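Chain IDs A, B and C follow the sequence of writing; residue 1 opens each chain.
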Amino acid sequence: MFEKLVESIDKYKKPLAFGIARVDLGQLNHDKVLQATYPVINWNENFGSAAVFIRSLIETGVEVDFEDSEFVAPVTKEFVDTALNYFGEELVAEAVGDKHKNIQVLKVLKDIFDEEEYDNYRICFIFEDTNPKSVESVYLKLYALSQRKVPLRSINLNGAFGVLHNCAWVGNVPIELDYLRANEIELKLKDAYPEVEYVDKFPRFLSHVIPDDNIRILDSSKVRFGAQLAPGTTVMPGASYINFNAGTEGPVMVEGRISSSAVVKEGADVGGGASILGVLSGTNGNPITIGRNTLLGANSVTGIPLGDGCIVDAGIAVLEGTKIWISEDEFEKIKEVNPEWNAEYKEYFKGLELAGLNGIHYRFDTTKGKMVAFRSRREVKLNEELH
Amino acid sequence: MFEKLVESIDKYKKPLAFGIARVDLGQLNHDKVLQATYPVINWNENFGSAAVFIRSLIETGVEVDFEDSEFVAPVTKEFVDTALNYFGEELVAEAVGDKHKNIQVLKVLKDIFDEEEYDNYRICFIFEDTNPKSVESVYLKLYALSQRKVPLRSINLNGAFGVLHNCAWVGNVPIELDYLRANEIELKLKDAYPEVEYVDKFPRFLSHVIPDDNIRILDSSKVRFGAQLAPGTTVMPGASYINFNAGTEGPVMVEGRISSSAVVKEGADVGGGASILGVLSGTNGNPITIGRNTLLGANSVTGIPLGDGCIVDAGIAVLEGTKIWISEDEFEKIKEVNPEWNAEYKEYFKGLELAGLNGIHYRFDTTKGKMVAFRSRREVKLNEELH
Amino acid sequence: MFEKLVESIDKYKKPLAFGIARVDLGQLNHDKVLQATYPVINWNENFGSAAVFIRSLIETGVEVDFEDSEFVAPVTKEFVDTALNYFGEELVAEAVGDKHKNIQVLKVLKDIFDEEEYDNYRICFIFEDTNPKSVESVYLKLYALSQRKVPLRSINLNGAFGVLHNCAWVGNVPIELDYLRANEIELKLKDAYPEVEYVDKFPRFLSHVIPDDNIRILDSSKVRFGAQLAPGTTVMPGASYINFNAGTEGPVMVEGRISSSAVVKEGADVGGGASILGVLSGTNGNPITIGRNTLLGANSVTGIPLGDGCIVDAGIAVLEGTKIWISEDEFEKIKEVNPEWNAEYKEYFKGLELAGLNGIHYRFDTTKGKMVAFRSRREVKLNEELH
């Protein structure tokens, strides 16, 4: 039966993504979804499970709209039973450990609903990667980013800020600010006012994602949900921060800020207090990538993309408009590791003109008062395909 | 009866501020007030309620001292009953939602005391804005600042550090360090040692204040109680911090430090890691104001007040003694947007000489090795009254 | 009997350090020690108690290995009873408050074991200060540092990172990441997923150490366990951080980063966002000491050791290779407060050549584009022994 259903997905629209979530609803406004917690997400995969879920929705009276870019429905006991039935006893029995995670979700829901049925579970399908329209689909996309199902900057999150609600977060639980207002007097006098840890539209990465064994995040406030951290990444608690849709693609030491849309490649080092500007803060909308093995010194500011094997000295700012002196000799050496760079020599280059180049050491010459660039001693592995 | 009492406030001294608080007492030293949590504060308002409260205190045997700058007394069941009686059934019935908040406080206390009477409620009056003398009056003032009842830098907090006790904070609860010491062995061996989140004399803003809907504070540790945040303010979790008696007067993006006594106006942007020096850290005691629409670049340091529409480039430091070069041409342009500035032209100005001027772009010229200032392209709205 | 035992320690090997800890074990892997919490540690002291402990272990069938650099054994009810018996009724009765803390530990354990015996208590001895081999001995050394039993940089922590396990920390409790993975679906759907505050191998200072009354730590994430804070130290929550085996030796205002192995002396001020480079981040392995009364300006970077009474201006970077101009006049003045400095005059000095010198003011001259050094106006108290 399951096999037939799997084939039947072709009758429906294949979802780009789907999953079942527990949602937190407003304390005052019970119709408001404040957060969606997914135990398992599916991104361009597991179409068999999608077929079972869609068929079970239809069979339990839900009209699934395949025309819209996304679809959200409540999860009912009837739906859970129907879907488990379609999967069949054998698969259900096998669904433990790393196997058949979508079925494991149903099994736990069956347990829960056998006790009492709740109204705070939802199933969400994304059919097209357009602007998200629901809290459930925003979260599904943030999961895809943070669980490394999709590359950074590859999916559409436009308008996410408008969809999410600003909440007071008490641990992993979002609370409506209006609820606190309505109950402030009683909560405070009865010593029951909650410990609000932050007020934001987004939750934190660690409230939803279990990092790889060799990832360290020394303070949960430093990584927003929707950020992506590759194995081997360490985020220190000083001045660091990684925004959503930003992060690392390999082992990186992060002691500075990786602003929205910025990406840092393997082996790079973001020094203490170093700032990588984001698309919302001074880069004219060009997202910044920091190349492999590149070092950003303590309290440096980087406003242009950097290639592999660069060094930005501590305390300096390399922005799009920064005028940087290069000697003829060093200009030639830089060309050697950037064969695709067709510039003519001139004394001063603007930061933007050096964007993305490999193997440059940026330094402020404290004897001449000039910002200078020269060939760094860091290794640069040239991309074979370019030669 | 209530009306008569309201008139009778003139017989007493009108309080500048008053409120009823639940206090946290020392775990070892039960006479020590560690924190005062006010569900409602009154600042130069609601004198009718003040009259009822004062009259009820007197009637229940409390000698109210009107000669001192402040007065604190325990709240008893008798006091609560007497005050509710003075307010009268009609007002008491009306006191729900946004109406008659002081009466709501009494109603909740009546509920509590009907079960059991507690000794950790206090009523506090401030008659004069002199140095605070009690934990209760310090907190009343911090509430006035953080709830935007008074402008920043407008009230007297001298000596507050001497009044408050240094505590270990577990959630919203202050714990005496001596209590932890006395019980360390038992708490640790029995797996009951509390999670201490910070050790300070001041609590955090979010432990006492419900921010406006469009305020975001991504990490509660970043805003001390006594700070003031205008609607539209966002405080990021990287390197930011807002101290008490400091904050914003309009929508501001805060990714840097607003030190004690610093004020940032609407539309300004405090870049990632930017430092605004405080009165305790290098400004010779002159508090700094950052004007409207002014941009402080990432990792910049600002040690002088800035007017509207200024830009401080990323990574530079503009201090009182910094020597800044201005061309004659730009000098004239700066004068245009600062008609009240009577300076004569010279090549180099010290930072302090440019304090408070509008429309200046501060930049470090990386070809000449000079700090320069010129007319920024940011809009400056000249104060009409000055023309 | 106790006296005899005390003498008998000479028969055994005197431990450098010892203590009894409650350990947190893995949720999945019950043999894995994730954390060791010591109510009391002994460092080169209390050899009488050591003798009792060793004797009691041997008597209860434990083979103590004195040949290895450290020894760890489970604490049993029998051990506790035996040890209490050796101490004798009189000492046991006296053991309250500040007296006989090791006996207090046994008394609390007796209480606990009288209810039920647990397998998560350990006794740990360190006989030699070599690379630690167990979680228990790493923690014992971190306690020694954080409780100021030993100076910073004085003990061997090589390999500690390899011994400790990376955990998800929920309050003071470490949780195996694998446990979260194995239970993610159920925890998330049943609304029981814990609030993970950080993921690291090390816990936080405040989870283990009660600071002195005049120490303030405004955010627990800012100080790693193994850091050392002298009385009078304040750690602000902006961009600050103190790593393990780093810290302060006197009253210091910390608003910046004190990286691993860096030490800051009394009266110094680490300005907002200031970075002191660590042995792992750009100092070629030379640990940095910041002298008494020295001021590091906001967003400055210091990559060399500094003597007493120095000033590093806000926003500048003084690194080993930074070229710094000194006038002949100022060179002489600097020599006056550094009589042991045998340098010959030259125009430019590298940062490393000025390492450790007293009374230098580092400034960037914004008119000439030069980094300059001159005699600071800060007081320098010359070390008497050098004259």
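Criterion: a residue touches a chain if its C-beta (ideal position, glycine included) is under 8 Å from a C-beta of that chain, and two chains touch if they have at least 3 such contacts.
In this text, all values refer to a predicted model and were calculated from it rather than measured experimentally.
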Rotation in the CA alignment of chain B with chain C, degrees, nearest 5: 120
Type of chain A:chain B copy interface by residue overlap (half), same or different: different
Distance between the centres, which are taken as Cα means, of chain B and chain A, whole angstrom: 34
For chain C, residues contacting two or more additional chains: 221, 238-239, 273, 299, 315-316, 368-370
Parts of chain B lying in touch with chain C, wherever the complex brings them together: 166, 168, 177-178, 180-182, 184-186, 188-191, 193, 195-201, 221-222, 224, 238-241, 257, 259, 273, 275, 277, 281-282, 299-301, 303, 315-317, 319, 322-325, 348, 364, 368-371
Residue numbers on chain B that touch chain A, as the complex places them: 22, 37-40, 97, 101, 104-105, 108-109, 112, 121, 171-172, 206-207, 210-211, 213-221, 236-239, 255, 271-273, 297-299, 313-316, 365-370
